[in-house]
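A, B and C label the chains in the order they appear, each numbered from 1.
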Amino acid sequence: MSQTPQTFAPVESSDPMVVPKRVAMVRPDTRPTIRRREEKWVMTFPHLIIREVIMFMLVVIGLAVVALLFNAPLEGLANPLETPNPSKAPWYFLGLQELLHYFPPVVAGVVIPGLVVVALVVIPYARINLVAGPLWSGDRKRLTTGITAVTGVLVILFSTFQCWAIVVPSLIVAAAMFLARSEGSGGSFRRFLALVTLPEWVMTWFVLVAAILTIIGTFFRGPGWSLVWPWNMYPPA
Amino acid sequence: MSSLTLSTLTAWVRNSAVYRSIIRHGVADTNRNRSLVIFENLFLHVHPVKVREKTLKFTHTFWLGGITMVATFVLFATGILLMFYYHPSVPQAYRDMKELMFVVDNGVFYRNMHRWAAHLMVLGAMLHMLRVFYHRAYRPPRQFNWVVGVVLLLITLLLSYTGYLLPWDQLAFWGVSVGTNMAKEAPLIGKPLRFLLLGGNIVSENALLRFYVLHCVVLPAVLMLFISVHIWRIRKDGGVQGPPEKDPGEEVEP
Amino acid sequence: MLDETADNLSELTSGEESRRQFLTKLGLGACAVTGLGAALTVADFLEPKVLFEPPTSFRAGTIADFPEGTVRFNQEQKVYIVGGAAGIFAMSAVCTHLGCITRPMSGEPGIACPCHGSKFDLEGNVTHGPAPHPLPWLEVKADAAGNLTVDTSVVIPHGKALKA
């Protein structure tokens, strides 16, 4: 694959008895395996297959152990006349349920999840995600105003809804972005921060917000969706 | 004739006409036969015969896609078992849960396994997506596979959501009531969509039956379809990418 | 092959179609109509035609049962029946946020929702979010003997209490 390409002269023939020769067509947009440097290749069997089998067994054993130790919850028979208090969705929806506490249902239940899905789908098609370099490698002034403006809008917007669970992580991420400004200098952590690209900052912000909302919804919400400590979640009957 | 040992027995099986009719290649001790192991087997032939050595490193993918896949297998296996005892009707569904937990041998184990594997699948798909993102493995030529991945994530969430109703306990009923009321808020299509999904205006026996069909037939079928496309595309896109190359010059940008 | 077709096409004057093009369109059109028909019949099939849901109107005691200050929670019908200063009124107990069943608060007068923390006063007005609307009032009728009938399918404006 690293040899110099030979000149290739196609022979055209209309003779149906000629066996066609197969050539590999490598179009510029479909050649992911081609590298400038020759790489080491190994046989799939046994090298990859054995690892897959081990991974399979570890996951199944792990699940079996968990299944032996912990029972899946089952509450009382469904009763449409009485809502349990608190009434919670499965954990991966608790971030959403927490949002429902702050925003009207259209926003929290339809607009925000819809935007998240659209944002995920367009990731590989947006130029910024394909070309972005380290955050501060571009026009620094513009970036400073940009970050300040976006953070400002987010903070003001969510503060009016008193949604501190979004305001605080937004401020933290913005602060970290400015911390990354002093590229080169500082400890290894700062040098690491300096390499993070804008799409990565945005995704990290999203993951942080989603994780915080989910944790609050899971562990810190009790009767009437009030803030409680995890050990007070279900008040003694 | 030599005495009967495990190796003579294996050799005898391997040389039998029946075995040779199923697996045509010899012992996989040459690279030729190792290639044949892969491409003469329906289930293994999604793999290429050779892979780049660095893709075997744990940190290359953290095996997250694979773990999600194993969780899926476990869910299919245990789910089919649970179906042998489950009736999607009110209140029999709830009684079946009790029966599984207290009467059926190993019922509680398989129910637990199904539940925890479902959590693992959701968590695995999310972490897998983050791994792909931070490795920038969504870039061309893998754009489309990323989109297929987003669809897989949505199907995964729908599967666990529809499954959540099936035990017909308080958690199930109210979780699904609140969730479907959320759908009602979507402009125009929200209300009719909810009506169709629930087969009525409230979460009732109709809703249980509909969720059951979605959970046990429709969504698993769609999931398998998209997983097939996903895995096939990994191969067509040149195998797993893993962390971006240190020296950008070594990567051939499209 | 491809070139030949292209040549043939260029011979046609604008507005003319080759037979092949016409038949292709016809075929695709037929497929589209079939697909659409299938989709519509399936959608229609999936829409339930008979529903077995609880009746919407029910008897709720007599006027004398609701002197000023009483709040009764009819759990089965998910309705509060209140004897207010201006008369008797019925009010849905289904939270206007996402449909959980609210309940009277213990300790203070008012109604609270267990799901996302909405609170309402005894007239159904929202005193604390996230519920977007007040709890709707429902029609109450009294016959000559003072027997009350509540119809949960008829929403009436706030403030229209039944004069005792």
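Things to note:
One rule holds for everything that comes next: a contact is a pair of C-beta atoms (placed from the backbone, for glycine too) under 8 Å apart; a residue touches a chain by one contact, two chains touch by 3 or more.
A quick note: this is a predicted structure, and the numbers were derived from the prediction, not measured.
If you draw each protein chain as a dot and join the dots that touch, every dot ends up joined to every other dot. Per-pair tallies of C-beta contacts place A-B first. Chain A and chain B have Cα centroids lying 19 Å from one another. Here the CA centre of chain A is 35 Å from the CA centre of chain C.
Each of residues 98, 100, 115 in chain C touches at least two other chains. Counting partner chains per residue, chain B has residues 174, 177-178, 181-182, 202 touching two or more of them. Touching of two or more other chains is recorded for residues 83-84, 87, 97, 100, 105, 109 of chain A. On the side of chain A, the complex with chain C involves touching residues 81-87, 97, 100-105, 109, 223-226. Within the complex formed with chain A, the chain C residues making contact are 75-76, 78, 97-98, 100-101, 103, 112-117, 130, 132. The part of chain A that touches chain B in the complex is made up of residues 28-37, 39-49, 51-52, 55-56, 59-60, 63-64, 66-68, 70-80, 83-84, 87-93, 96-97, 100, 105-106, 108-110, 117, 120-121, 123-125, 129-130, 200, 203, 207. If you check the complex, the residues on chain C that touch chain B are 43, 46-48, 51-53, 98-100, 115. Within the complex, the chain B residues that touch chain C are 174, 177-178, 181-182, 195-196, 199-202, 204, 206.
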